[in-house]
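Multiple structures follow.
Common to both upcoming complexes is subunit A, partnered first by subunit B, then by subunit C.
And then the complex of A and B:
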């Protein structure tokens, strides 16, 4: 027998241990399962978080606007009161 | 040479059908495992790498179009996985074949002599990475140099050079070993 034939005999295929294919399938399935559920779970959490953040932000903006409007109204009343006071003082001075 | 088996029907639906995928693994497991085993000379590691190759196949299946494509893909990925593994891990120090100790002499030179086969497997496993894969594809898978060049994306001249040089080295090594002359 020549070297090439000896090499073919020495390097002929052999099977892995029993149950190899089943172990591969089990690993493939176990890797696949979390992949299917994880993105859905992550999407649900992300959407919920975005809703909470959006609603909170909207509420905060409304609150800030209301507070600013209140402060503006008070300022306007103070200005109006100041003007009325100064006008009243002028009238009183003229009468005296 | 290769059975068509599950081959005709292909793979887009296989990821949803574990039994068909298992059948596909059975069809190719000897090729992938033996390549790894001959290359690494370590059955446990070879099984681990073979499993990784099939898991990679499982993810890749939807994009593979035919049984020939699957076979070509498996050879290519296994070969490159093995070369990368030995380059990165360096679990076995690489040494040129000339530096490998002479194997023990065989008692006989008849065909399928287990001692001679063991010596040949050791010598092939001591070849440099690319030459080792080329020899495995040539003598385990019985591919001709053109198919090896295609499988490894390697120029055919390089494949032929690896084969000639490796065979010469093996002959020289064996002829130096008492009682073995091929």
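And then the complex of A and C:
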């Protein structure tokens, strides 16, 4: 047998045995990775953490806003008091 | 029927709020001055912000009476608006710039309680009295290099206000224009 005949024999077309396709599908399904599910407590922790972060951020923003308003109110009242006193002094000075 | 009642309710609410809104002083016509000024203050506080400010100041200054005094003073207020400008040179604003504000203060309800006028400067103080109490207060202080307009809405005791400096109100550091603490 020469090389040419050996190759022809090796590459000869052969039909698969009966039930080959079914066996392939069955094996593929058996190897499919199991579906991972996240435990419920992780969801609960994540939601609780988000709530805490959200509430803390809201409180901080409110505090900053209040601080800014407080400083503005002090400055506004100081300017008002200063100008009120200045006007009163001018009137008193003029009358004297 | 419900719709008619709702419309009536909204109309009653709107009409009851209208006079107060009309009497509230609006500081207009000074928008261009901030760019000319070396220092300026632009403060607008509505009732919500004033409530927050009162809470913050009372908490920040618990040990002295000032915090409580401030809280009481702010409790009666509905709005504060301050526009203050300091200029390097004279002639940066015109007397006519103040006319829209003066025109509002000439409307019924407002009365001038202090007026000091010289060639170079003027100080005017107006109040609006409602049911025997001060319900509004306005200051126009025009100096050659400084212009200040203050409008306060709500009940305020002017004697308490004038004493504020003596009470040491600015115990809380107030940031200046560059953000530094005084």
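One rule holds in what follows: the second predicted complex is superposed on the first by the 57 of 96 C-alpha atoms of A that agree within 3 Å, B and C clash if a C-alpha of one lies under 4 Å from a C-alpha of the other, contacts with A are read in each partner's own complex, and residues count from 1 in each chain.
Keep in mind that, in the parts below, a contact is a pair of C-beta atoms (placed from the backbone, for glycine too) under 8 Å apart; a residue touches a chain by one contact, two chains touch by 3 or more.
Everything numeric in this text was worked out from a predicted model, so none of it was measured.
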item: Contacts of A:85 with subunit B and subunit C, given as first, second, both or neither; value: second
item: A:31 touches, of subunit B and subunit C: first, second, both or neither?; value: first
item: Partner chain(s) touched by A:23 [first = subunit B, second = subunit C, both, neither]; value: first
item: Partner chain(s) touched by A:13 [first = subunit B, second = subunit C, both, neither]; value: first
item: First (subunit B), second (subunit C), both or neither touched by A:95; value: neither
item: Doubly contacted residues of subunit A, that is, touched by subunit B and again by subunit C; value: none
item: In the complex with subunit B, residue positions of subunit A that touch it; value: 1-17, 20-25, 27-29, 31-32
item: Of subunit C, residues touching subunit A in the complex; value: 41, 43, 45, 49-50, 52-57, 60, 70, 73-74, 80, 82, 84, 114, 116, 123-125, 137, 139, 141, 148, 150, 152, 158, 161-165, 169-170, 172, 174-175
item: Residues of subunit A defined as touching subunit C within the complex; value: 62-63, 65-67, 69-88, 90-91, 94
item: Sites on subunit B touched by subunit A in the complex; value: 15, 18, 21-22, 25-26, 29-31, 33-34, 37-38, 43, 46-47, 50-51, 54-55, 58, 109-113, 116-118, 120-121, 124, 135-136, 139-140, 142, 167, 170-171, 174, 182
